[in-house]
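See below for the structure under consideration.
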Amino acid sequence: MTFDVAVVLVPFIFALLISMLYRFISKKYIGWLVTAVSLVLFIILTTYIPRISNGEIITFTHEWIPSLGINFTTYLDGLSLMFSLLITGVGSLVGLYSIFYLSKSEQLYHFYCYLLLFMGAMLGVVLSDNILVLYGFWEMTSVSSFLLIAFWHHRKASRAGARKSMLITVAGGISMLAGFLMLYEMSGTLSIREIIEKAGLIRESALFVPALVLVLLGAFTKSAQFPFYIWLPDAMEAPTPVSAYLHSATMVKAGIYLVARFTPVFGNEAAWFWLVTGVGLFTLFWGSFNAVKQVDLKAMLAFSTVSQLGLIMSLLGMGSVAIYLGHSSETVIYTQAAFAAIFHLINHSTFKGALFMMVGILDHELGTRDLRRLGGLMYFMPLTFTIALIGCLSMAGLPPFNGFLSKEMFFAATLHIQDLSILSLDHIGFLIPLVAWIASVFTFVYCLIIVGKTFFGKVKTHLLDKHPHEAPVGMLISPYILIILVVGIFFFPNLLGRYVLNPAMASIFPMFPSAEELAPTIHAWHGFFSPELWMTILAVVAGIFLYSLLKSWKAIYRILPYHLSLNALFNNGILWSESLSARFTRRYMTGNLTDYFVYIFVAFLLVVGGYFLYGDVFSWSPVNPESLDVFEAILMVIIMVSSIGILFAKSRITIVFLTSVLGYSVAFFFIVFRAPDLALTQLVVESVSTVLFLLCFRHLPEIKRGVQSKWKEARNLVISLAMGATVTMAGLAALHYEKFKTISEYYNDSYLLAGGKNIVNTILGDFRAFDTMLEVVVLFIAGLGVYTLIKLKAKGGGQNEN
Amino acid sequence: MMKTILLISLALFMIAIALHLVRVIKGPSMPDRAIALDTIGVNLISSMAIISLLLETTAFLEAILILGILAFIGTIAFSKYIERGVIIERKSDH
Amino acid sequence: MFFAQFILNFFIALLWLLFKDEPTPTLATFNTGFIVGMGILYVMHRFFGTQFYLIRLAKIIKLVLFFFRELIISGFVVMKQVLTPNLNITPGIFKYKTILEKDWEVTTLSLLLTLTPGSVVMEVSESGDELYIHAMDIGQKEDLIRSLGRFETVILEVSRD
Amino acid sequence: MEQLMMVLIGILVSVATYLILSRNMIRVIIGTAVLSHAVNLLIMAVGGLKKGNVPLIGHEEEPFTDALPQALILTAIVISFATTALLLVLAYRTYKTSGSDDFKELRGMPDE
Amino acid sequence: MRINDVILRTVVKVVILIILTLGVYLFFSGHHAPGGGFIGGLVLASGIILLFVTYDIETIQRKMPFDFKKVAALGVFIAAGTGLGAIYFDLPFLSHTDGHFKFPFIGDKHLTTVTLFEAGVALTVIGTLVTMILSISEDE
Amino acid sequence: MNASQIIEWICAIIILFGSIISIISAFGMLRFPDVYTRAHAVAKSATLAVLSCLVGSLFYIWIHDGYFSVRLLLGILFVFTTSPVSTHLVIRAAYRSGVPLAEGSGEDELKPVLFGEKEPASTRSEHAK
Amino acid sequence: MNNIIVLPLIIPIFSAVVLVFLRRFAAVQRLIAFASMLAVSIISFVLLELVRKEGILKLDFGGWKPPYGILFVADSFSVLMVLAASIVTLFCLLYAFSTIGDRHESMFFYSFVLLMVAGVNGSFLTGDIFNLFVCFEVMLMASYVLVALGGEKVQLRESLKYVLINVVASSVFLIALAYLYGTVKTLNMAHIAERVSEVGQDPILTLVSLVLLIVFSLKAGLVLFFWLPGSYVVPPAAVQALFAALLTKVGVYALIRTFTLMFPHHPETTHAILGCFAGLTIVLGCLGALSSRNVLKIAAYNIVISVGFILIGLAVRTETALAGSVFYLFHDMVAKALLFLLVGMMVYLTGEKRIDFMSGLIRNYPLFGWLYFLAMLALVGIPPLSGFVGKVLIGKGAIEAGSYVLLFLGFASSLVVLFSLLKIFLSSFFGETIITNEDKKPLPKASMASLVSLAVCIAGIGMGAEQLLAYVQDAVKTLANPSIYIDAILSDSDSEGV
């Protein structure tokens, strides 16, 4: 059905339309248009829910490069449908929000164009079955994210943030591509479905673990895992709707999607479990820990996003244990971690989207997001406060909000995992729940900060540009829809589970029998003695404690000096790479021709001379003294002396004289070697060259022997001697190689063949006339060139460098 | 025997060329070099003639004439260069 | 007039060829015609008021042989000088005013002089009638001037009627 | 003969290389000229020297010496001449505009 | 005292005839003896260069008012054009043909398109060499 | 030994003679004190050497192959004509570029005409060096 | 008769010669130059189809059978290269029409361009190794003039170095040819291939191939690229683009031909060295690209990187990788031309070369800015643009061959390409504009037409990769099985007895 692929195409088509027809569309309507497009797509996608939840899979193929198997194959299953709904759903809300958020003076065409581009790319990522096409869309999300971050590109910070995100995500993309190509090599297919089918087969390959690592690098960079997360806080330079959409709800989830999608392929490898879980957990901790120290609300949310992405990532890692262990009734329990992952993914999108929009409202209405300038806004902006409160409580994992449910499941999963006795978990498994708990303490702390420092306490009107007031209704619609969902999901989680999450689970664990078995029923209450509940309670207590003593322990953030931070490493790394490469490049790209010649000759000596020694090419046959006449020997001496004489000549004319002697002697050799045409040509050419030398040397100064250092002289001497030796030795070897008869015996019949008795001339004029024709062309170009070089002088006498 | 005589002559011409080469290298003045070079050309002409006899071929007789021509042109060029620093004048002053 | 007579002779030979009207003209016929032409021209040359050109030719050949003789002599002289252990000469430059006028006459004189033992022409004056001559041994200047006079005569024989 | 010729060619190559490695424009250009002489002799030498008569049918008898290298060298000579001509003009035009014939001084700015 | 080149000029007037004749001779003899378009062209060009060296640019250009660049271009045109002729007759590019033609006065002549090709070569050589020498000499 | 062989031998001797002259003139080139006297050596003996060699060859080929080479004859005439011109030009250039006469030279009638009395020749030698 | 094969060489030569006579008529010159390149482009396309249908075509010049005469060989590889070269030239000419100026036009500019293209096309098509040398020289000689044309101080200085290096390279080429003739005693490439394989590539033959390797490396800018950044940045933009697109690629083409057709039998030596060279080239090129803030230099180092990248395909020499190389070569010719025209336009519009002195160009010239962005993505290899398929194939090939270091270097270089080009984009196109509306130079129309056309080509090559791949795979079939080539050339000749 062509409609399926249209889902991906629609945003692109509209992006193209906007970019081409923007002159004819009023700015007012573009936002509405984009919102409508996303909404329609969302609605269309919801119509697929029944079919997909019944286990149906919808595919459609449009051929692109069939000969390489690179085709646009859309593949709509539970996982992709879930992500597609998320993308279009949040997309509509963000579209709506941005209509009120963005000023009409902005270049809105660009903005919405990029946004649609992103939406299309993101849909492409989650719907593609072909890994190379997936890669394409993957990079397109990086590109559109780049453009959106740099939307206010006159700001330096925007450009820097855009560059950072682009470099890191594209680098991840490239490594992912390498991983994909390895998968292709192992499985012989580009289709994800087929790769999953061959998962057992490819596991044997030596490329399996490298491919795994490379694919994970792609996922980690995109999903802002440690240590690649550093682009995400800087991406907050983008307009807030973008942050809400790309950098919390959708694009950063592409890495999660990738891990989920490839869990069936890689899950049976221990490295996968450890990398995904370990990196995820550490990111969870690191993000929450760092969020606390932020003073910019948006930065705090960014770190919180990093942390939450780590949480989801680690859950997927834990879920993969089920595949590692293989299917059995005991192992199904571990799949619940994966369920928690995708559940939390949805929940995170709702509350974090709402929170970002909340911050956007503050920014928009007050002109600041700086916590040091905020406070006591509860009374001025009660509606906004509600958003913040509900969002934060959900994020902190408190009831009655959806965050509580998934957080409980997370704790449960960590506890399950530490009980395992494989994968060395019996030794260090306890760290998993511990880290999870610590991170949730910090999470609670920054949630308190967001709500407390912004909405409680004293209002600091003197620090604000504008008088605080509630946001316009338009900006509140989207966040309110989201917090309604936050609450709604808490109360009706199984609706979501049944229709959206279960089918997605089936995609993650295709080798497990049925979605029903995998999907738990989500309960808010696991009993008073459930350990996960106590973990939450203890986290709240510890969080409140830490929050109240914030000032006394905040000093630990200063332990790690800035220049050792990842950001500093990245920035300095770029600066260093530029300055070091500049220094290195300048070292050998001196612009000095002599150096360049040294490189050429040394390369020749290393490769040719080196192979001569190494490859056993040497060959020698004794000289037959009778073959050499005395006069020939003298002639050789003459050539030798005149050429060496050039080296010692002190004036340019002496050089010309000696060169002439050399040329005439060579011509004489041609006569000795029975080559009359050659001798004639050499003679004339030599004389004309001499005339040319004299004509041109008039314009050149007398030779000053530039003072070369002793070692350079020695170096030149060694290189020269080695060059001579190499050419001679190789020449001797070539000379003694007599396995073939020359083709030129054919030309001895030149009179019969071509009617010419002068064989050389007949070769030049007939057998190889083409060479001669081109040689004439060369001469012609040179003549014309000499003319133009002399006649076309630079304006202003050629002294206008730079 | 005849061949030996020719070879001896050829060798003598070559030695003469070598001696002139010494003058080319030593100078001391540019005209010295020019004369030496001219003479080398002239001696090469002789050598070519002898080679023609030795190889019993008439193929190099053009080369003899051409070398004569070229040695002449070369010497003129050199002497003009030494004398005036220019080989070809735009417009001669007389 | 040398060339005019020669070309006339050539035409006579061609005419001869046409008169004979052979199926294929041969070189032999042409040569016969040439000889016939010589005879005719010899008879006629006084009408032109010039010398018979073959006589001029003979004089040219004489000049060339003269050249050769000078060359051979001077070759030996130089060889002697080279092989003399202690060279006792005083080189020098002297001026010679020639009676020759035409370019080619002066040129021929200079060439001749250059091939003569002990002298090389260095400069021709702007007026074209003074030669500056480098002598191997300035002591023999008088000898040189004497032979210069002899050369002038030979050249004039060729150029003047 | 061929062996000695190879040695001579080696010497020429050495000289050429040494000249090419010097800083002075003229010496480098002459170096390329010497190199092209060496190359031409090399082409001649690998074809085998003095193995036959002058390759003129009718004037000479077979066996002829290898004519193909001769034709190749002819082409090479002409091309090398054309290049040298252009090179010379370029050299003195460079000298006139840059005011130096020393390649060490003709380096240019590192990042211009 | 100004230089008087009378000796040189007088001799060159004679010698140039030998050189130019030799050039033409070499051009035509190339097919069966040493020579050919290239060498012929080179010798002819050397002759012209000799004239320039002996006299001066203005004098010689007055007597030979050609644009030598165009001579060279014409040469390339002819050399490559003989190749195209073959295409016209549906033969491989640069196929040469020959034939015996009877002319009044000079009789039976063996003409080949190789000669035409070589004429192109010779013209290019002359045009190029003279262009080069002239351009450089004119440069101040 | 028939007549033609005798002539061939004579030719060979002439050629040998030429080579001997050539080598002697080469020694002259090394021995003579200044460029002007060296020019003498070359202008005469080297020319004589080449001419005898060429004439020898001309007749040798004529007798041996029955082939009279006009090219060779032209060559002889050419060398014969141009060699003195070359000498003339070079020593004129030498003098004008300021190459001094050898020590112990006699009178010099050209110097006052070219340079006047005051200017010493050696200051004008920049082209020559 | 396959005379059509010679047309890509002979048409430009003829036009160039005719233009000499039309020196004073700039408009006519433009018309003729453009028309002839258009004709050549069409002819190459026809030829491409013909080759795919009928197999390898050859044209024996003068009717002399190989290996005795010279011949042109049209296989898919060579014709693809000719097609790319011709199209690129067509658009570079279009660009030049509005930017080059009558100083150049009256100094035979179009003639030199056409002659250079003739040399390039000849190098691609020839089947004779000595003729390859001659074609190289035609191309080089024209390029020498084009680098220096204009007479600026920098131009002269850099072109002198460029010429000297190439003169030495040409001499080394001749040395290689001497050895080659001394050993295998033939010049026809197919015949060489046949003879070399007959004796299993003796060590001396490998040595000869290594001399050729050095020569072609110099021409291609493989490791020995140091001449390139200096000389490629001095001529006018249209010429830079032509150089970037054509000259090094001819070297790359020659390397691929040499080591697939003639000397493929000792990969453990030759291809190992090629691999090292390719890797080193990428590293050095990347360092160069990182080091500069001059747009022209950055672009020039990007050429170096791509040369290294393309030759990974040859070094690992699986069929996939070779296909990648051919495809990438085609892409790179078009994309590099576009890149150089773009940066040339930047320099033209601002009068500056360093990115620090340019800012906000996209505000003044939005279309121009987006074209740059598109070219950047194509060069990084982002699908669906032209760089993608080649990159994937080379990567796949490297994996097949187990050359993970080269894979790493190749893919990492994409990142450096991105970094260096993004640097230009962020600093010069983004940011506050510094050009007021009064100072704003209008974009020359013909140049913009050329930029847009090339951009369309880039997108077209990527989107229409399937069509192009058909030819590429045909080309690779021959590269991977030299016997196809050899048979096509030598089957009807009596070379066996020789």
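Just so it is clear, A, B, C, D, E, F and G label the chains in written order, and each chain counts residues from 1 on its own.
One rule holds for everything that comes next: a contact is a pair of C-beta atoms (placed from the backbone, for glycine too) under 8 Å apart; a residue touches a chain by one contact, two chains touch by 3 or more.
Everything numeric here is computed off the predicted structure, so don't read it as measured data.
Considering every other chain in turn, the ones in contact with both chain E and chain F prove to be B, C. The minimum number of touch steps separating chain B from chain G is 2.
Geometrically, the chain at the heart of the complex, using CA-atom means, is G.
Pairs A-D and C-E differ in how many C-beta pairs touch across them, and the larger number is found at A-D.
The most distant chain from chain A is C, comparing centres defined as mean Cα coordinates.
Averaging Cα coordinates per chain places chain E and chain G 37 Å apart.
Work out the mean CA point of chain A and of chain B, and you get 70 Å between them.
Chain geometry summary: the mean Cα position of chain B and that of chain C are 25 Å apart. Averaged C-alpha coordinates put the centre of chain C at 19 Å from the centre of chain F.
Under the contact definition stated at the top, the residues of chain D that touch 2 or more other chains are 20, 25, 28, 38, 40, 42, 45-47, 53-54, 56-59, 68-69, 74-75, 78-79, 82-83, 85-86, 88-91, 93, 97, 103, 106, 108, 111-112. Among all residues of chain C, those that touch two or more other chains are 110-111, 121, 123, 125-126. The multi-chain contact residues of chain A, meaning those touching 2 or more other chains, are 582, 586, 589, 591, 593, 597, 651, 672, 674, 676-677, 680-681, 684-685, 687-688, 691-692, 695-696, 699, 727, 731, 734-735, 742-744, 747, 757-758, 764, 766, 768-772, 775, 777-786, 789-791, 794, 798-799, 801-802. Looking at which chains touch one another, you get A-B, A-D, A-E, A-G, B-D, B-E, B-F, C-E, C-F, D-E, D-G, E-F, E-G. Interface of chain G with chain D (complex): residues 130, 134, 137, 141, 144-145, 148, 151-154, 156-161, 163-164, 167-168, 170-171, 174-175, 177-179, 181-182, 187, 230, 292-294, 297, 353-354. The touching residues of chain B, when paired with chain A in their complex, are 7, 10-11, 13-15, 17-18, 21, 24-25, 27, 30, 33-34, 36-37, 40-41, 44, 47-48, 51, 55, 57, 59-60, 62-63, 66-67, 70, 73-74, 77-78, 81-82, 85-88. Residues 629-631, 634-635, 637-638, 641-642, 645, 648-649, 651, 653-654, 657-658, 660-661, 664, 667-668, 671-672, 674, 676, 679-680, 683-684, 686-687, 690-691, 694-695, 698 of chain A touch chain B in their complex. Those residues of chain E lying in contact with chain B across their complex are 2-4, 8, 15, 18-19, 22, 26, 33-35, 43, 46, 49-50, 52-59, 133-134, 137-138. Within the complex formed with chain E, the residues of chain C that make contact are 103-104, 106-107, 110-111, 121, 123-126, 128.
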